[in-house]
Each structure stands twice: as C-alpha cells, then as structure tokens.
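In this document, chain identifiers A, B, C and D correspond to the written order of the chains, with residue numbering beginning at 1 in each.
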Amino acid sequence: MINASVLYALAGVVLFGMGVYAMIAYPHLLRKILGMNVMGVGVFMVFIAISYQGPEQRADPVPHALVITGIVVAVCATGLALALATQLHALTGSARIPADGEE
Amino acid sequence: MFFDAAFWLPLAIMAPLTTALLLFLLPRRSGLLTVIGAAATIATVFLATLLVIQNGAARHTLGGWGAPLGIDLTADGLTVLMLALTAIVGAAITLYAHGYFTHPVHDATARTRYANFWPLWFFLWAALNALFLSGDVFNLYVTLELVSFAAVALTALAGKPAVLAAAMRYLLVGLLGSLFYLMGVVFLYGGFGVLDIAALGAVVTATPALAAAAALITVGLAMKTALFPLHFWLPPAHANATAPVSALLSALVIKGSFYILLRVWLGVLYPLGETIAPYLLMALGAAALLWGSLQAIRQTRLKLLVAYSTVAQIGYLFLLMPLLLAERNNLVALAGVVCFMLAHATAKASAFLSAGAIQLATGDDRLASLRGLMQIMPAPVAAFAMAGVSLVALPPSGGFVAKWFMLDATLASGYWVVALVIVAGGLMAAVYIMRVLAPLFRQVETVEARRVEHVPLSMNLSAFGLAVLAILLSFTGVYVLEILAIGAPWVTEAGL
Amino acid sequence: MSWENSLPLLIFLSSFAPGLVIFVLDEEQHTLRTVLNLFGAVAKLAMVGAMIVGLLEDKVYETRLPLLPGVDLVLRADPLSMLFITLSASLWMVTTLYAIGYLEHAPNRSRFFGFFSLCVSSTMGIALAGNPLTFLIFYEMLTICTYPLVVHRGTPQAMLGGRVYLIYTLTGGAVLLLAVVGLFVLAGPVEFTDGGALDAVAAGNADALRWLFLLFIGGLGVKAALVPLHGWLPRAMVAPAPVSALLHAVAVVKAGAFGIVRVIYDLYGVNLAHDLGVLDPLLIVACITVIVGSLFALNQDDLKKRLAYSTVSQVSYIIIGVATFGLLGSIGGLLHLVYQGIMKITLFFCAGNFAETLGIHKVSEMDGVGRRMPLTMAAFTIGAFGMIGAPPTVGFISKWFLGVGSLAAESGWVLAVLLTSSALNAAYFLPILHRGWFKPQQGEWPEEHSYGRLETHWMLLFPPAITGVLVILLGVFANMPTGLLQWVEILILREYRL
Amino acid sequence: MDGLGALLILTWLAPLLLGLLQLARPRTSVWLAASAATPALLAALFTPVGTVVELPWLLLGARYGMDATAQTFLFFTALLWLLASIFGVGYLAKDGGRSRFFSFFLLAMAGNVGLIVAQEMISYYAWFALMSFASYGLVIHTWEDEARLAARVYIMLVVVGEVLLFAALALLFAASGALGFDAAAGDLAATLVFVSFGIKAGVILLHVWLPLAHPAAPIPASAVLSGAMIKAGVLGWLRFLQPVDTYAAWGEFLIAAGLLTAFYGALIGVTQRNVKTVLAYSSISQIGLITVAVGAWLVSGRSDQAALTAVLLYAMHHALAKGALFLGVGFAGAGKGALALLLLPALALAGFPLTSGAVAKAALKTATATLPGAWPALLGWLLPLAAVGTTLLMARFLWLMARTPPATKAVPRVMWSAWLALNVGVAIMLFVWPTAASAVNDSFKPENLWVATWPVVVGVVVAAIATRIVTTAPTIPAGDVLVLYQAGLHALFAWLHTVRRKVVEAEERLPADWGSVRPVAFVSRVAVQWELRLRSNWLLVGGALLALTVALLTMIAAH
C-alpha cells in the first residue's frame, strides 16, 4: 500500500539517483553542479516525507529544521562551486575539468 | 565553572571562529590576530583536554536547548585527542605559513591572494573543532561540509589552473560524499527518530533502515576519506595546493571524515559489525595500502609522492575495521587506529612542510633535483627523514607505536594475513621514502654549491618540530590508551 | 632515578648526545668534533668499567621507561650485555681514532661522525636492551643510522650498496617485528632472563614457538649474514674503511649475531630451544654459511670483499657455538663473539691503511707491501692467522671450544665443517701474506702518500697495532683469572641454569 | 718456578724474542740470533728429568716439563739448531735477506724447541704451528722457481696437517676431558695423529713436500728441516699415541708403513741428481726406520723401554748425521778434505760399525726382537736390506759431491768450525749419551758387527758396479707421487671452482633491484596506467562508487 509519504520518499530517492548520475556522467561543470542540487533536493524530499506521522498527528518538526539547515548548506556549496567554475572558466576558457594527467 | 570542561567546549570553536571573522574584517592585522587567535584556541583546547582527562567526558548543551532541537557538544577521550592533535599540528602550520606566504619568491598578486589563507585557515580550524565536538549525526554533516568548504577554498588558494581543477574536483567529490552521508542520516532518523549519537546507540537494531544508512554513510565517508578506489581526487589536490595547505589537508581534513566514520560505526552502526561489510572495508584498506604505496614508489615528484603516501596510509585506518566492529571493546585495535591518526598527522604534515620548504627554496620538486641538497638545506632534509621514519613506522616513532598496536590486535585475533599486509606496507613505505632520501646522499660533481632561496627559520622550525614530535610520539602509547577509555561507552572492563 | 639505574641510559647518551651535537657543528670545527668524539668514547668506557665493577658487587643497573602498555623500554646490564658492550665500547674508541685519521680531508665529516656516534649508540642500546621490544627499537635504529655511513661516498656504487643494504635489513627488521609482536601476543610482556623466559608458556605452544623462532632467526639472520640472507654484506663494502670495520666487528653484523644469542639464551632459554628441536636446523644453516662464505672469499680480488665474505663465514662460528647444545660449544660461541670483532676490525683497519696510504684496493696489487708498511702488514698477518684459527691467537681459542663443544654435543660433523673452513681461510688469507711479505714489489703503488718517518698516519697506524696486539695477548693469556674466559664460563653456567 | 724451571721457559722464549727482535729491527747483531739455541742446549744438559713448570694463565693452561724423551730430543735439536745458526752466519754473510732469514729461522727454532718441552696438547700444537708456518719463510727464501713451487706444496700440506691435528686434539680432549699427553681415543683420532704428524715426518705418500722443500731452502735451513724439524712429527707420535692395547694394531701398521717408507725413499733417492734431494730422500728413508721403532713401541707397550730408547737414539743419530751431511753440502767443491770428512756422517747413516748408526741400529734390533709373530725374523732381513739402500744413497750423494766443480771462493771459517763441531758430535755423541750405554754395548756384539758391516759392503759394491753399468739413470722428478696429487688437486679445485661459480650465480640471482624484476615491473606499470585512468575518468569512479554501495548493501542485507 503506497501512501503519499512513501511516494514522496521514493521520488526523493529517484531524484537522488538522477543527481548522482548527472554528477558522474556529464562532463560540463554546470551540469555537475545542477546534479548536485538535484541530489540535495532528493535528500530533502525524503527527509520531509519521513516527517509525516500519520493523518492525526502533526508532522515531526525536526526534519523541517534540518532541511532548512541543509538548504543553507547547499546554497553555500552551490555558490562556492559556481565561483570556482567561473574562475576555472576564466583561466582555462573551458567549463570542464581538464583531464588529470601526469604533469 | 572554569574547572568544568563543558565550559570550554564551545570556546574551542568560538576562538578560531572569532579569529577568522576578525581576519576577514581586519586583514592588515593578520600577524597579531593569528598569534592571539592561535594562542587562544590552543589554550582553550588544552584546558578542555586536561579537564576531560581529569574529570571524564563532558557535554555542553548550546544555549540550554538540548536535544532534539538543540545542539550538544560532547567531548570524550577520542574527541580531546583529536582536538589536541589539531591544535598542535595547526600551531605548527600557522608558524610555517607565516614564513611561507610572505616569502619574497612570491610576487605581489600571489601574496595578496595568499592573505586569504588566514581567515580560511581559522575557519577550517573552527570547523574541525566543531566536527570533533559534535555529538549528533546531523551536526556532523554540517561540520563536514564546513570543513570541506574551507578546505576547497584553501586548495584553490594556489591560483594555478591545475589547482583550480583539482579544487573543483575536490569540491564535487566532497559534496557527493556528504550528500551520501546526509541520505544515510535521513535513513537513521527515519528509522529511529533521534540524531544524537548516544541516543541512537541506545535504540538501534539491525533493521533495513540501518542497513541502508550504513551503506550510504560508509560510502560517502569513504569517498571523503579517499579510500581506494575512491581516492582519485586526492593526489592532484594535495600535491598542487600550497605546502601549508597540503599539510592541513593530509594531516587533519582527511582525519575529520574518518573520525565521523569511526564514531558512527562504533556508536550507531555497531549492530551491523558482525556482517561482512567491515571485511570489505578491510580489503579496501589493504588494497589502498598496496596500491597507494606502489603509486608513491612510481612518482617522480616529491609532493605527489607524499600525496600518494597519504592514499596508502589511509589504508591502515581501514585495515582494522573488522576488529573494531566485531568486538567493540577491542581497545588495542582502537588505540592502533587513533595512534596512527596522531602519528600520520604529525609525520605527514612535517613531510609536506619540509617538501614545501625544499620546493620553495629550489623552485623544483622533482626527485632528481634533490641531489646534493643535504648540505645546503639540512633542516628540511632532516625533518623529512625523521617524518619518513615515522611513516615507515620504524622504531622509535609514533608510527611504530601505532603499528605495534595494530599488529598486536591483528595477531591476537588471528588475522595474520592483515599483519603481513601491515608489514608489507611498511616496507613499501621505506622504498618510497628512500626514493626521496637516497638522492640527497648522492655525490655532487660540481664543487660549487647550488643556489637556493633562503628558508626562514619559522618554516624550518615547524617542519622540524613536527618531525621531532612524530618521533617522540613513541612514548605516548600508554597515555593514548588511557585517554581513549575516557567516556567511551563501548569500552568495557574486558577491553582494557 | 638513582645513579645506578640511570647508568645504562647514560652509557647510551654518552655517544648519542655528542652525535646530535656533531650534526650541527660546522665542517671546519675539527678540534671540537674530535674532542666531543673522544670525550664520548672515554666517558663511555669509564662508565662501562664502573658498571663491570658494580656488577661484580651484585648491583643492579636498570633504566626503565614506560613505552607501550605492559612493555617498557628497558636498558639493563647483565653479564651477556656487558660482554658485548665492553667489546663495542673499546672498539668504538679505537675506531673513532682511526676514523678521525682516515677522514682527515674528506667532505661531510660532521654528517659522518654524527651518524657514526648514533650508530654506536644504537649498538649500546642493542647490548643493553632488556626485552625484545627494546632490542627491536635499537636494532632498527641501527639500520637507519648505518645507511648514511654506507652511502657516505655518494658514488653510484655506494648508492646501490646502500639500497641493497636497506632492502635486506629493513625486510629483516620487519620479520623481526612480526616475531616480537607475535611473542608479545603469545606470552605477554617477557624480558630477557638468564636461562630463558618462556618456560611458562612452553607447554602446548611448541609449534607456535617454533614458528616464532623461525621468524626471529629470519629477522636477525639478515644482519648476521646467514646464507642466503647475506647478499647485502659484500655490497655494503663500498663504505669507508672505518665503517666497514665497525659494521663487521661491532655493529651491524654483530648485532644480528648478538640478537640470535639473546633469543636463544635469554628469551627461549637454551634448554627450551633444545627441547623444541630448533637448534639443529640453525646449526645446519650456520654450517652452510661458514662453508659458503669461505668459498666466496676464495679468488675474490677485491681485498675488502674478500674480508666481507670472510665475515659471512666467521660470524656463523658464533651461531654454531650457540646452536651447539653443550657448555663448551656455547663458550666457544660467546668467545668468538668478542674475538671475531677484534680480529676482523684489525683486518679492516689494515685494508683501510693500504687503501689510504698506497691506494691499494686489490689483493693483486699487494705485492711487497710488507716492506713498505711492515707494521700494518704484521697486524694483518696476526688477524689473518686469527681467522685461520692458528694458535696462539684468539681465533684458536674460540675454535678450540667450538671444536670440542661439537664433539661433546655428538655432532662431530660440525668439527669437520670448522676445519674445512679453517683450510679455506688459509687458502684465501695465506696468498695475501705471501704477496705482502715475500713477493717483490711490482711497479709503483697506485697512489702513495708520505707520512714522514711512520709508514702511515699515526692515527691510522695505532688502531690496528693495538687490536693486533690484543689478538695475540688475549689468546696467549686466555686463561687468566678474571679474564674473558672465566667471565664467559660463569655466564654460560647461568644460561644453562647449572 | 726455580732457576732451572726458568731455563726451561727460556728455551723457547729466547729464540722467540730474538726472532721478533730480528723482525722488528733488522740491524740487530746476527750473533745474538746465532746464540738463541744456547738456553735450550743448557736446559737439555742441566735441567733434571721431572722438572715441571705450570703456567695456568697461558693459553688454556700451559704445562712445560722435562722428561727423558724431551731431554734427548731437546739435546740434539738444540745442538743442531745452534750449529746450523752459526753455520748460517757465514753462509748468509752476503745475503741481503739475512735478517729476514734469521727472523723466520729463530721463530721456527722457538717452535721446534717449544714443542719439545711442552707437556700438554695445546702448547704442543701452538709451537708446532709456529714452527711449520715460520719454516715457509725458510723454504721460499731463495725465491727461485723450485723454492716457490716447494713453498707452495709445503704450505698446503702444513695447512692440511694443522687442520687434521686440530681434529685429533679435539677428539683426544673429548675422550679424556684433559689436555695432557695420556689420552687415547678411537681409531679416528689415531688416524688423524698418524697423518698429521706423518706429513711432517715424511712417511710414504705423505712425504711429497719433503724432497722439494728441503733442497729448496738454504743449507742451514735444510739441515734443521731434515735433522730436527721432521723429528717433531716423530715426537708428535710419541706424545699423542699411547702404547696401549687398543693401539697395538696401529703399531704393526706403523712398522709396515715405516719399512715401505725406508725402501721407497732409497729407491727414488738414488735416481736423483741434486745432492740435497738425495739427502732429502735419505731422510725419508731414515724416518721410515724411526717409524718402525715407533711402531715397535706401540706394539710392545708402556713397560718396555727398549723401543722408546730405540726411537730416541735413532732420532738423535739421524739428526746429527743428516745435519752434518747437509752442512757438508756447503763445502761442495771445497776440496778432498771436506769430501773425506763427509764419509763420517755418510757411514754413520749407513750404520757402519763404530759409528752412531751402528748404535742406533743395535737399539732398533733390540726393540724389534720382542715383537710378536714373524716380525723379528722379517725385520732381521729387511733392516739390513734398508741399510744397503742407505749405503747406495750415500754413495750416490758422495759421487755427486765429488763431481761438483771446484768452488772459486774459500769457505768462511765460521762455517768450517760449525761443521767440524757437528761432525765431532756425530762421532761421539751416541757413545757418551747415558741412555745409549746398553745399545753401545750391543753394537759391539759380533753378530751386530756383521749385520752392520755387510750391507755397507754390499752397497758399496753395488754402487761401484752401478757406476759402470748404468749410463742412463731413469729420472724421477723430486716429489714423485706429487704429480698424482697435483692431478687430484686440480680436479678438486676444478670442482670447487664449479661449486663456487654455481653459488655465485645463485647469489647473483638474489635481486638487488626489485623494481627491475619483470613481474614487479609489469605490475607497477599496469598500476600506474590504471591510476591515471582512474584519475581522469569520472565514469570509472562513478562505477566504483555505485559498485561499492551495492556491495555494502548486499553484504549487510545478506546477514
């Protein structure tokens, strides 16, 4: 029996997986960063989904607090990543991570 | 109040954090501020350490809120050891960085960029202290990210394209790892409804949620710890960063994620200790040891060699996992792992610092160009040699103590194959360390001495001091064992 | 810590501290360095003397520092350690003098003498170590400190020699580490005790103890140059002569042999080792080493290489002695521990003199050298006859005990091995003497230096003269009351718990 | 230790110290060196039998003493050494290496004298070694090709002898637990004693060094080598073998070996062309007779003194006579007088009546008379035949001497006086020596006179005929069977060489550089390639990440 919260949680897991795939498979940095954000969203969805404690009760407040914290962290991460990517683009003219060979 | 360790715990975070903020605001005062900030941090950490050693584990409830919504800082024996380690290595690196970043070989723009080192470093320090003090799994996530951000920014400090790429990769990998970890935390909370490690430890059972959490947390942290085969990001990052940063990354940052792994497995995931998962970690540890050593042996650049040495030595940390987890009170094995962290941190920091000094002075870090340097720069060379002794784990050194505990634990439990791997790792370490040291003894054809840049005393002193510490750690085995027992719920009398 | 209990540590420090100071000395501070070196050597000798006197009065000298849970760092004086420490302290003194003369104009003297002192300190530590862990620590320290001495010249050949040296010795050290830890796991913290320390755990653990013994011997055998673990020794010959002298006589090789003695007598206990049946295989390995080492030395034109292979063979005499179950053989082994050191150091001093004074490195260049350098050649002759085991040199005394010991232990074939070795020794030493004394000189010396009235620098001449005379005197007066022989006899009686 | 005891020590201490002095300071007066044997001579004459000096601190506890055997040996040894050294002062007057010669000479003397007064095995062995090794310097002294060959052969056999003797000592000690001369061990020990001292003495098949070395050395050295030093082997038998029942068979073996040696020496000796080689073979032949006496001593047991007396008298007789003959070689070409004087020791050696040889032979006959079985009868025939051989050798010797072209320079007076003194010794010593009294009486018995006379006559006749008939004598190289040994030795060395090469190859296969070992190199190359792939390929890493996650999940779930 699938209720809404389980569905949400599963969707979150799927999002997480898509994010992982994006981070790994796409060479372009922006896609990687987006993938990371998708991953984060997936985690947050699962988190919010598990805060559901049944129709009678209020949702658990703790995951909400945590998710807000998590979003802040994710925003910071995105900012840092974008800054680095810009720098890299400025220096190398490419928005991909250069292949790492022996110097 | 002052004699309560709990009082000092938040201060151990606040002191470097405040310093970092002040450094952002007043970059011109960095000299004075770093000295005061470092002194204050060290003082609080040591007070906290001493008090914990004397009075036992401490817990501080921030703002009086308390779990589940509030944040608790906890300090037991393991915590204070890591705090003290960070303080000591951090102090040495601070001293070193003063000489390194102001060195005349750097041009003006580089020096301006390097000025950012100071706030970032104190931020990292604060984040590390927070990580070690965190008592719940979500806080650990936050601190892990903070550490990661500071570390990435520090890596990027060198400014070259290669290092930016390395930093980028480092960041992405870090995020990937921490999101895996976070997902694991979600499963933990979903399964058991608490986040505090101690509380979790009391309620966990072997459920599917715990299993999923275990897998995600382990993989995420293994990635951040650069366990083979997820280590690919480490060598470029560690090798291309500036020397003080390399030292920080190898000595401390790596230990942060491993510390979480250790904590979570020992405190929360232990019901799964009897599965074969720890054996997988052990196998990966062995592989890391052999693989990393082999790569280190094949390197032709000094800093890459040292970086691969880190890849190899991370393997040691995972080798004892089955011992640690199958019988949670195996204090000897735990002491082996912790001693190894201490020894590796000091020795590897010293190795990176002396390598950095050599690179700074000669402008070159190819192994082949080390020839004849022994007479010209004896201090970094001696420091590297002593650090090398500890990395190879030859007696007398901290590395040896760790190896002793490890061998004792493995042989006592009958894992003699692991013992052989440990020994083989030591021998391979000897080979790559000698690849550095041997050219130093080579005869120089030209009588005329090579021209090298002057290395300031502060750099030599800190590299050398850490190396001496790495040797002197050989006398600390007994104390580490005693301190580890403080406030450790998993330690029973039988384990002692 | 009382005076008595700090004495072992002080003995260690008496060369360790000067060594550290010497590192930071300027290359040109020749006098200060010499003073430091000699002061350390004399102070050490004085302390060793005081300790011997004290031991005769049943005093206990033991430094104990906590190191690992249950295992301390123990430096303790007992008769066996005094035997080794007296040897190394005295020979260090002589070698220091020699080295100062030898390296008078060489580069990197501070580094050399620094590591030289550390090397001796480690040897002191090995001698005084009171438990396996302490032994291991100093054993490895010795490995490290010797490397810079081996590669001192920095030539490609030296580097190769050093590398091979490290590969062998570090591997040996690793095996030894396994043995020490294994023993700790099996038996807990044991200390070296006269007559053995493992009786309590012997029951039921025979196989484990045998495996551990194999590990111990495997680890120590590398330094003791047991065939086939000896490969590093001839290659380490590239080191300067004083280093070779020290390496072969006192430090590295001897440390391995001493370690085996310790393991058999004070760890396992000779009775237990005999009961376990581990002595006979060791005896066989030692015999093979004796023969093979001698065979290698034949036809070896490089003088120092010939001496090196001779060491391979001679050090195993010690092993033969301790692996022979019986008082006489054991006495022979321990005597040879001391005697081999004196003889071999003499030979290496002489080889160094030939190289330094006349540029002679090969046996084939030695024609007529006895007329140019009679004293050195005389010392060499004495050493060579000692190696052959001709009376009245010390070599004869130890060979005698080994020989009658093997008969007493009903392993007469060992006597045959010893005698074959003697004949082979004669076969590779006597031609050198023939060349040196009887053959006329052929052409110019490769590279001659003049030293005025003396045949060579006095600092190079005195050491071999002193040790050469000792080779004779200790043999002639072997049976002196309160002499070495009595000392060893008492020691062995204690080891056999008689 | 009283004065006489001190004299006993001085016997070896004096030559030892003087030898070392000569070595260290070549300018030291040669006369000092020449007088080094005086204490030994005095000790032989004045130190009473039974004197014992214990030196417990020396070596492993040394013991020196005088007994009847030592007295006789010490006397002739000291006398011969003294006169030889005086002779040497003249003989080597122009030799540049004189002081070196005397150093080795005195060291060998110290060894020879020391082993005689030693009363336990270790000291005996030590002095024996000193004597043997120091003699190398005497043999090689002239540095001629023969000398170098001789020295080579000599030193090899010395080493073999030393090694075997050591084994014998160890066995004897193991059997008795003491170092004294009264131990008897099994057959192995006896074999070792026989061989090791047999080499020194020159028993058949072990004698090969002797005909090379004795002629190669300068004359004074030849004299002591042939006269005194080979007797150290005989003394060794006396000290290390015991006349006990278990050794009786060994006694018979020694008799047989001695007889063979006696004839073999004579047979090969007559074919030689070098005077000194002839003398050397004569020594071998004579040692054979002494060996017979030693064998008789072993068979007859401790109670019978006759055999021991025979050994002592024969040794003394041979030492003096052979010494005189060798010194006489120094007068080759010095005229008829010298040649005539040579007749005395030559006849003595042949055992002609009224010479010391006759006395010695009489003693030998008495000793062998009590032997069991057919031995007395057999020896009654064979001993005179041996004397024929000796006569032939002496004839050959004198013939060669006579044919030596006249010398251009006069022989120094020192040499003359030494030689004359020795000849006087040959003439009278055995007649005045106390223990020889009964043998002297025996030698005048008619049957003994007859037995002493006819072989000499026969020998002279045969020699006279031979000089007419034999125009081309077969030449056998000095050292005879040495050729066979050399072949064997070559084979041995070739084998050793192969063994050594194999071991060296095996050793070289122990790799010094593990990085260049092929599998290691391959693995590390592959590893480096994969590492680079890992570092630049996200998919690879992602795969690893997922694989690891799945692996962990299954592992945990599987539980």
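To be clear about the criterion, contacts are C-beta pairs under 8 Å (C-beta built on N, C-alpha and C of every residue); 3 or more make two chains touch, one makes a residue touch a chain.
Because the structure is a prediction, the values reported are computed rather than measured.
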| item | value |
| --- | --- |
| C-D or B-C - the one linked by more C-beta pairs in contact | C-D |
| Identity of the chain that, by mean CA position, is farthest from subunit C | A |
| Chain whose averaged C-alpha position falls nearest the assembly-wide average | C |
| Centre distance in Å when subunit B and subunit C are each reduced to the mean of their C-alpha atoms | 43 |
| Subunit C-subunit D separation of Cα centroids, rounded to whole Å | 37 |
| Between subunit B and subunit A, distance of the C-alpha-averaged centres to the nearest whole Å | 27 |
| Separation of mean Cα positions, subunit D and subunit B [Å, integer] | 78 |
| Residues of subunit A touching at least two other chains | 20, 23, 100 |
| For subunit D, residues that touch 2 or more chains besides their own | 535, 541, 545 |
| Multi-partner residues of subunit C (each touching 2 or more other chains) | 163 |
| Touching residues on subunit A, where the partner in the complex is subunit D | 20-21, 23-25, 27, 99-102 |
| Subunit A contact footprint on subunit D (complex, rising order) | 532, 535-536, 538-539, 541-542, 545-546 |
| Contact footprint of subunit D on subunit C as seen in their complex | 160, 163-164, 167, 228, 231, 235, 292, 295-296, 298-299, 378, 385, 388-392, 396-397, 399-400, 403-404, 407-408, 415-416, 419-420, 422-423, 426-427, 430, 434, 437-438, 440, 475-481, 483 |
| Touching residues on subunit C, where the partner in the complex is subunit B | 23, 65-69, 108, 111, 133, 136-137, 140-141, 143-144, 148, 151-155, 158-159, 162-163, 166, 170-171, 173-175, 177-178, 181-182, 184-185 |
| Of subunit D, residues touching subunit B in the complex | 515, 523-524, 527-528, 531, 534-535, 541, 544-545, 548-549, 551-553, 555-559 |
